[in-house]
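Next come two complexes built around chain A: one with chain B, the other with chain C.
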Partner chain A sequence: MNPALQGLVTIFIGVGGCMAYFYVSNLILDKVIYPAKGPNISQNINRANLVRPWLFLLPVIILLTLYLVYPVVGSFVRSLYNRSGDEFIGLGNYSSLIGSSDFRVAFFNNALWALVVPALSTFLGLVIAQLTDRLSWGNIAKSIIFMPMAISFVGASLIWKFVYAPDPDIGLINAILTSFGMEAVDVLQIPFWNNLFLMVLLIWVQTGFAMVILSAALRGVPEETIEAAIIDGANPFQVFFKIQVPQIVATIIVVWTTITIGTLKIFDIVYAMTGGNFGTQILPSYMMQFMFRDDGRATAVAVLIMIIVSPVVISNVRQARKELR
Partner chain B sequence: MENIAGQKSALAWATRITVLALVLIWLVPTIGLFVSSFRDRDQISETGWWRSFLPVEQGLRARASVDGIEVDGNTFILTGSIYDDKEVLSTVGDARPPVVAFGNAGRNPGQFIAGETADLGDSETLLVNEDGSYRYVVNEDPGKRGPRIYFYASTPPVFSFANYRAVLSADNMDQAFINTLTVTIPTTIIPILMAAFAAYALAWMDFKGRGLMIAAIVALLVVPLQLALVPALQMHNAVGIGQSFVGIWLAHTAFGLPLAVYLLRNYMVGLPRDIIESAKVDGATDFQVFLKIVLPLSFPALASFAIFQFLWTWNDLLVAKVFLPSSEEAKVMTVKIADDLLGSRGGDWGILATAAFVSIGVPFLVFFTLQRYLVRGLLAGSVK
Partner chain C sequence: MFPKPIEKASPATQLSYKLFLPVALFIWLLPMLAIVMTSIRPAADINSGNVFGWPSDFQMIENYTAVFIQSEAWTYLKNSFWITVPTMIISVSLACLAGYALAIYKFRAALPLFFIFVAGNFVPYQILMVPVRDLSVKTGLYDTVTGLVLFHSAFQTGFCTLFMRNFIKALPFDLIESARIEGVGEFRIFWYVVLPLVRPAIAALAVLIFTFVWNDFFWATVLTQGEASKPITAGVRALNGQFVNNWHLVSAASLLAAVPPVAMFFLMQKHFIAGLTLGAVK
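Right after this comes the complex of A and B.
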């Protein structure tokens, strides 16, 4: 069958099936298993209400278990086996990874990404949020800064190829360099600095996200605190750094961690821009080198990414539990 | 505050200039891609897109014709027009752009200025006029093949949809576009309903284990997708789905669920308690309350999740690479661009720019029309 047609059928089955499941399962619960009549009516209603939440949750629980909970365990187990998956080798994959220089480069670069991208995106987002706040055309400026959020990383990579290309008739940077009489360079091949040029793409995408959230947070700062500071003679910089920023620290941390998590998962940029060459490999793109070839090592890299992310997972869960109470 | 008025206007100007500079930095790369996608492919490699509205000096080469050869002692004189040459005709057609420079060697094709007779040494000379007519004097009999003439013609800027036609017809991009839609639409619609029921249960039903479920959702929100790839694909292979559209629908649906449940629950918790409780007092079941009250009221949250999920699945490369077969018929646009075009069309910037713009167009449309919901969703998801 044509995939597009199959897609339409799937929408129908998916949505119709969901509706039917919820409707029929409720009906069976209320009419057949615990009918709201007869001698045990109140007991039955209570029991039905105990079961119903799980009926509502069941499809989500099944899918999440199969695709996210089981894989955490499954990936770890798989990472203890060799390439073809038939021989248990303990931590062999991990020790051979740690022994390889490619892995160390990827790990170091990833750490660099996780430090630089969230810091610069959050900082730029905060500054832009504050600067555009009082401008009459601030909303248009915000829309433009926010726009890269809609662009795929593959698309963003192509856009930036027109900036970085070594040919001065294609790449903007080299056009500027040669117009000043300098040699054209391939910025993606300069050791170490090429990593930073790749990070620019992600910062370009993520700053809009930081800006939108921090702009809302800045608007939530009580007006009186700012007015009081101005009357006391604070200059605009003091108002911003000593009055406004301290009041939105919690939001800044949320934005920072969200971007950090995003940064640790991005593989598209490196894949499309350099293919991991010239010392720009990061863990997610390093993992894709093993995908379909050596599942043992691929899952070992994935587990390491998970371990790096886990402090954030734990703090997020703590935060959520605090809010529930 | 009168005394700091002067200071303020200086600061205001600094603000305006900074914002303008930032906006330009953000916008210029995208404009470059957009302009390039409409440019003629030969012109792209001659001048940068920032000079695309100026005439382009295009490098061409012709062969002097031996048809009208005159012999004068031991010199041979070749005359004619370079615009009658077959090779030139095939690239510029009937347009006869003015010649600006010419040369007789490929390594220095623009050595001489048009209209001036060039001394090539050994009493050989070459003259190419602006209109393309030439006079080539050589010492040796050229035989049947005349010598090469290299020249630069000043061609006017050309903008067209030729790249779009090329991308959509020759490079199977139309198929990839449909594949992307085929992946995106079901995986945007299906999780919404599932997540909405779950979110309602987590927001408005009291049961043991609710806190645990919410904590689990929050934890799954940040589990790296990379962990799921190998086990989920093995599972698909084991049950016979393999790499297929069914597989990617299931995977994308599942990967979208944590965010969907989280966003929707946060929104539903904020709905007014009175409405829901009075409906229950009037005898409505949970099922009815959900369908008739909560679901319609949650429309803004549903919309913002739908936009997120749409953008994420449309722009995704990783999941598509793993869960879809690598055959030509099943490629989505991101895979097509990253794996095929960047490799095979690496130097063809016009095609690359156009392919990128085809894939960016739809998300842009969604983004600019529904930005309000997107922002609302971001705020609901992150600011507490």
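Right after this comes the complex of A and C.
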């Protein structure tokens, strides 16, 4: 079937079906099952109101069970079976992963990503938010910094291939190096440092996010506190680090954890730039190596990623809970 | 006024601001500028080493038509569109319903359900990969636009519901209460009272989901195989192989993939930023 037709049919069935389901189910509940008339009228209304939220939630719950809960459980179960999925091998996949040096490299690199990217993106975002806030053309500057956020990671990777290309006629970095009379190098093949060059891409994308959120937070800092500090003779650095930053720590943590979670599952950049070669493998791209070859190991890597992410997720849920009270 | 506008600062600070910031911004944009310039150069410029100077000739139209003629770019773009727009509509409308239920009704499961949504929002999608792929293969949805739409809708609905719930929770509850006292049916309350009030949230979500789904590469790689259903993000990587060493065509193709979300971003910047801020800080 033609994709346009497929799309239209899905919209029609999805939205039309949803609205129809919703209207009809409410109608049936109110008129047929618990009609708001007759001898039990108040009991009927109460019962109808107990059922109603589930009518609103049902489509979402079905979708999420099918595409979220079932896969999480399914992946865990699958990770306990062998390559072809017919033999139960317990934690065999995990032990062979932990024994492999490729896995350890990917794990180490991932830890590096999770430490460096959120820290630098948040720091840069904070500094840029503060600097551009005082500028008359600050909003234009912000739009420019923020724009990479709208581009896909693959798109960003292709763009940065022009920066890193080893051919000095194409690559910006090598053009600069050769114009200073230095040898052209393939920066993506320098051990260890190539990881940092790849991280630059993600920082380039995520700084905009950090900047937008933090600049909103900085505007929320009460002016009197800044005013008082300036009258007491604080210099701009002291005002920034001792007055403004402490008041937005909660937001900084939210931004930091959001970027951390994002960083832990990014695979596009490594996959598109180096394919995980030259010691740049990270867990999500390492997993893709097994995609069609060994589902047991692929799911084992996925479960490990999930375990690594879970402390951050739990802390976020706790945070959300605290805000509710 | 604090912070002081920069115009009132000392000349030295002003000078460093005026010099440093534009330079920093220029460097920030340099990768983008380089690719834009490359995409409008004739091939001869690149072969003769004129990659960073002024183009000897502007061949924007020639290069971009070449991309469309020599490749499947048009199919990829259409696929992306037909994946993104239905997903946007389905997940936002489902989220309106679910968000309404979670925010307005008081029932015991509301809070645990809400936390499941928060947690589900952060589940790394790698863990879904193998079962979702097997499920799609079994149901015949593998390598179809519909399969991608269904999956993306489900995955994004979690985030959208969270967002909607928080937005509706912040609305004045009296409005709904008084409508109820007037005897307005629940569906009509949702349709005539709540929906008009959540329009800003719908706009913000629509922009966010559009960019998220348009830019998705992971599921495009996992759930598609052929040209017929590949979206532009996965397609651009294929083009990259096809146009090897034709850097002007590679860059034109990459820019094509980036144009819709970037255009969306500039047109709806206010909603985009409002969405991100609401989504992150709540």
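Just so we're on the same page, the second predicted complex is superposed on the first by the 325 of 325 C-alpha atoms of A that agree within 3 Å, B and C clash if a C-alpha of one lies under 4 Å from a C-alpha of the other, contacts with A are read in each partner's own complex, and residues count from 1 in each chain.
The working rule: contacts are C-beta pairs under 8 Å (C-beta built on N, C-alpha and C of every residue); 3 or more make two chains touch, one makes a residue touch a chain.
Source: prediction; values computed, not measured.
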Subject >> Room on chain A for both chain B and chain C (clash or fit) >> reply: clash
Original post:
Now for A:E227: first (chain B), second (chain C), both, or neither, which partner does it touch?
Top reply: second
Original post:
In the superposed arrangement, does A:F192 touch chain B (first), chain C (second), both or neither?
Top reply: neither
**OP:** Classify the contacts of A:P53 with the two partner chains as first (chain B alone), second (chain C alone), both, or neither.
**Re:** both
Original post:
Looking at the overlay, does A:V303 come into contact with chain B only (first), chain C only (second), both, or neither?
Top reply: both
Original post:
Shared contact residues on chain A for chain B and chain C?
Top reply: 3-4, 6-7, 10-11, 14-15, 18-19, 22-23, 26, 30, 49-50, 52-54, 56-57, 59-60, 63-64, 66-68, 70-72, 74-75, 78, 131-132, 134-135, 141, 143-155, 158-160, 162-163, 169-170, 172, 175, 204, 209, 212-213, 216-217, 230, 251, 254-255, 258, 261, 264-265, 267-268, 272, 284, 287-288, 291, 295, 298-299, 301-303, 305-306, 309, 312-313, 316-317, 320-321, 323-324
Original post:
Which residues of chain A touch chain C in the complex?
Top reply: 1, 3-4, 6-11, 14-15, 18-19, 22-23, 26, 30, 49-50, 52-57, 59-60, 63-64, 66-68, 70-72, 74-75, 78, 131-136, 141, 143-155, 158-160, 162-163, 169-170, 172, 175, 204, 209, 212-213, 216-217, 223, 226-227, 230, 251, 254-255, 258, 261, 264-265, 267-268, 272, 284, 287-288, 291, 295, 298-299, 301-303, 305-306, 309, 312-313, 316-317, 320-321, 323-324
**OP:** Going by the contact rule at the top, pick out the chain B residues touching chain A in the complex.
**Re:** 1, 4, 7-8, 11, 15-16, 18-19, 22-23, 26-30, 32-33, 36, 44-50, 178-179, 181-183, 185-186, 189-190, 193-195, 197-198, 200-202, 205, 207, 210-211, 213-232, 234-235, 245-246, 249-251, 253-255, 257-258, 261, 285-287, 311, 314-318, 321-322, 330, 334, 337-338, 342, 349, 352-353, 355-356, 359-360, 363-364, 366-368, 371, 374-375, 378-379, 382-384
Original post:
In the complex of these two chains, what residues of chain C are touching chain A?
Top reply: 2-7, 9, 17, 21, 25, 28-32, 34-35, 38, 46, 49, 51-52, 75, 78-79, 81-83, 85-86, 89-90, 93-95, 97-98, 100-102, 105, 107, 110-111, 113, 115, 118-120, 122-132, 134-135, 144-146, 149-151, 153-155, 157-158, 161, 185-187, 211, 214-218, 221-222, 228-229, 233-234, 236-237, 240, 247, 250-251, 254, 257-258, 261-262, 264-266, 269, 272-273, 276-277, 280-282
Original post:
Taking the complex as given, what residues does chain A use to touch chain B?
Top reply: 3-4, 6-7, 10-11, 14-15, 18-19, 22-23, 26, 30, 49-50, 52-54, 56-57, 59-61, 63-64, 66-72, 74-75, 78, 124, 128, 131-132, 134-135, 138, 141, 143-155, 157-163, 165, 167-170, 172, 175, 204, 209, 212-213, 216-217, 230, 235-236, 250-251, 254-255, 258, 261, 264-265, 267-268, 271-272, 284, 287-288, 291, 295, 298-299, 301-303, 305-306, 309, 312-313, 316-317, 319-321, 323-324
